[in-house]
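Below is one structure. I have some questions about it.
By letter and in written order, the chains are A, B and C; residue numbering begins at 1 in each of them.
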Amino acid sequence: MQQSSEYQATGYQTIVRAIGWLTIVFLFFPVLLTIIVSFNASFFIEFPPKALSIDWYGNIAKIHRIGHATLISALVALASATVATLFGICASLALVRTELPAKAAITAFFVSPITIPMVAIGIALIQFFILLGTAFTWYSLLIGHIVLVLAYPIRTLVASLTLSNMSLEEAARSLGATRLQVFMTITLPQMKPGLISGFIFAFLISFDNYPISIFLVRGGLTTMPIELFNYITQNLDPTPAAFSSLYIAIVSIIIFFAEKRWRIISYAIH
Amino acid sequence: MPGLELEGVNVWLGAQHVLKNIDLSVAEGECVALLGPSGCGKTTTLRTIAGFIVPQEGCVSIAGKSTKDLPPNKRNVGLVFQDYALFPHMTVSENVGYGLRMRKIDGKARAQQVEQALAMVQLLHMKDRMPSQLSGGQRQRIALARALVIQPDILLLDEPLGALDRKLRDQMQVELKQLQKKLGITTIIVTHDQEEALSLADRVAVMFDGQIAEIGKPVNLYETPSSLKVMEFLGSSNILSMVVNSREARGAILSGYQHYSIQVEHCAFSVGDRITAAIRPEHIGILPISELTSDTLEASTVECVYKGGLVEVHCRLSDGTPIKAQSDANCVQRLNLMQQGLKIALRLNSSRLQLFSNSPNELTHDRT
Amino acid sequence: MPLTSASFSRSPLSFWRRYRSGILLLTPLIVFLLCFYVIPLTNLLAQSFSFSSGDANRHDGWTFYQYLKTYDSARLGRVLSRTFRISLITVLITLVVSYPLALLLLRASRRLKTAILILTFVSLASSLIVRNYGWVVVLADGGALNSLLIGLGLIVQPIRFMYSEGAIIVGLVHFAIPFMVLPIYGSLLRIPPSMREAALSLGASEWACLRNITLPLSLPGVFGGTMLTFAVSMSAYVTPLMLGSPSTAMISQVAAEQLLVQLNFPWGAAIIVTLTVLTFLLVAAYASILRKVFRATV
């Protein structure tokens, strides 16, 4: 029920609210500043900008192999998110709808990659691939990313499926639908929020990843975060600011759109 | 000094005008029930008294003191929530003692008062249990003890018996009423259950749509309500369209169904007025058709519904008007009322026939 | 004797029949994880028990040598305590900062709530490199913070904020806030509003209400958030790499260095295994301590 709390805020309430708002500003601050700096005409990172220019946006292409790297990152992210989501569908169906021994343990196992230091996973994988002789290939990179993002679709899909109504499926069966038909027409649509939020998170986390990619790439194979990082450590100009601003803009649009259309945020909270 | 006073209280929640000019005066120690369908504003009224909602217009006074600018934690109210709201991480004693703790009553004094409160609801032996270990009825009593131990100026109960099963509810109704009378504490109960309101309260305020339609003693509200809407809301009623035939030295004669006419003692309407008459099932006598006279209505049976102690006799007048009458198993058997389509004669108790005008009129009639 | 599930699953055939569909669905996933997760990690573990070409007294067969080296190394000891210290400070600051934000979120209107959540998610989703770069912009010598302080006349020369532990902590807190806010917020959502109202009606101030009711009931979310933040800080790699210097190195960096630069796989493996096991033990100890404390807070 709504309440109109119009009482004088106590001292404690004012402090808590102030800290809350300061935190929000803190979250937003670097993003805002990056955007401002990207329009700075000067060569060095300087604030406040004395003159404005959009030259640095043009300079983005100068980041070594950035186009190539971004493409690889995007493809790897797409592929790993897709595979992880497919695995997630199987896993969530098994965990929520069928009988299995030690379900809690199995779930913990599937979700455990999040708790292991990414560096450990990266190191373990590169050693393993060297042993297999398939190191530094695009599919070994893909495999590494799948392991990384697997946990996210599994979590959101399990949540989604747990909240969904099983009696709908039973009703469909009683009306004559086969298992497959029930799955395609009833179960899958109910899993939609989990599917979409799981896919999007998997995509973003894979796209952004550095610690695992750095161990798995060499030579022609590279990813966006790696090239961006290299540029930052080797140059002082604000080109990365321009790139970052562009990146943040695109991510914001994706998330905003996804929330409006599919309400993924309200989903991920539970 | 009135226990509670609401004057011209208006509340808007968002764009919705939820409480419209609520005026309510409750004497000290009195128990008033706010009764009405969902969405009528009864819970909003309770929350406004408690201080969780601030009225945009009007004022609330508790025990003679205005509550303007007084947040909920500064008002001395005892609130019992619908879901009891017992703190799950505290024991029963800690729950009950919480209000005392906030009032800086500690140590021996607190322990003593907590024990007294628990003894009052007969749950002293549960004082070290956790709420999760209690049954629904027990939780309700602890919630009550917690609200009462702080000796509030007013006790507010939000659907207190709603979650309990039938038997427990009946038992708790009696206990609650006795406790309230013994402590003499001003009490407001919010409920959608008519029986609860009529049995617990000294006065009942029936609310529709953000307004108090009528407030009065339970018996007056049930037998002689001032509006048709209230009559139809409480219990069952049978609606008849009638016309004032003539006026007598005392009262008037009404007619409207074939040869039927009935003389009533009090009639505020003029000759020729079309009115709506309403009567409760228990005031209709059922007679065999052979005893049909000019002051009995002809009807035919539709169905009998067995309700344990009573039988509901559903029948229909010749023009199709449905009538619900009441009888006992013996009479049903004697007159063979179970047979469908049987013609019978209905005698209406004229002193219990309520008359209302046909135009929709809002009446807020205090019948104390 | 009643038929229980135990009596059924004794025979392998009935086990299969009962769990068949579940097992079939999970098989591809389990095979994948076994091949590319369990085995590589086990291999890593095994590697940590062997020698590398540069080690003295090397022989075949397994040994604790790498672990002894880890415990003996003074430098590593410093790095470990630094990592631990940074993680602890990060968790504390993040908690203090995130809880009010979660409370704000709770009481906010729907529009504000969505706006804040979208902001949090954008923060979560934008590349870590991008976010840390944002802090470079703020903390650099010519960056926003220094310009602000100089502009206000508080200092004359820019202060070197970058490449320090402080910078790392700022970056880690910024990274960790979404990880802390979301579980706490989820936990707060599960507290029925009538709890707070009951406390208020009994005379509790908002502050007392927070201490006695809201905080204890939201502890599951606080636990989850702090554990996640701690684990993530302990294993941090990119943030200390970008905002720190070699003298502020954290464990993941040292392990990576051994592997990428020194090519000393066994020692690198031992370091990372030590990190993983240590983090796990610390988190488990933390969980049990908190459980005891939780009983006491009433």
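Keep this in mind: contacts are C-beta pairs under 8 Å (C-beta built on N, C-alpha and C of every residue); 3 or more make two chains touch, one makes a residue touch a chain.
Values in this document were obtained by computation on a predicted structure and should not be read as measured data.
Asks: Tell me which chains count as touching both chain B and chain C.
Replies: Common neighbours, chain B/chain C: A.
Asks: If I rank A-B and A-C by number of C-beta contact pairs, which comes first?
Replies: Per the contact counts, A-C leads.
Asks: Return the distance between the CA-based centres of chain A and chain B, expressed in whole Å.
Replies: It comes to 56 Å between the two C-alpha centres.
Asks: Please report how many Å separate the Cα centroid of chain A from that of chain C, as a whole number.
Replies: 16
Asks: Mind pulling the residue numbers of chain A that touch at least two other chains?
Replies: Residues of chain A touching two or more partner chains: there are none.
Asks: At which residue positions does chain B touch at least two other chains?
Replies: Residue numbers touching two or more other chains: 52, 71.
Asks: At which residue positions does chain C touch at least two other chains?
Replies: 205-206
Asks: Can you check the complex and tell me which residues of chain C touch chain B?
Replies: Counting only chain C, the residues touching chain B are 192, 194-195, 197-206, 208, 212-213, 216-217, 297-298.
Asks: In the complex, go through chain A and note every residue touching chain B.
Replies: It is residues 1-8 of chain A that touch chain B.
Asks: Where on chain B does chain C make contact in their complex?
Replies: 50-52, 71-79, 81-83, 85-90, 94, 98-99, 102-103, 146-147, 150
Asks: Within the complex, which stretch of chain B touches chain A?
Replies: Chain B residues touching chain A: 13-14, 43-44, 47, 52-54, 56, 69, 71.
Asks: Okay, in this complex, where on chain C does chain A touch?
Replies: Listed in rising order, the residues of chain C that touch chain A are 9, 18-19, 21-23, 25-26, 28-29, 32-33, 36-37, 39-41, 43-44, 47, 96-98, 100-101, 103-105, 114, 116-123, 125-131, 133-138, 140, 142-144, 147, 174, 177, 182, 185-186, 189, 205-207, 210, 231, 234-235, 237-238, 242, 252, 255-256, 259-260, 265, 268-269, 272-273, 275-276, 279-280.
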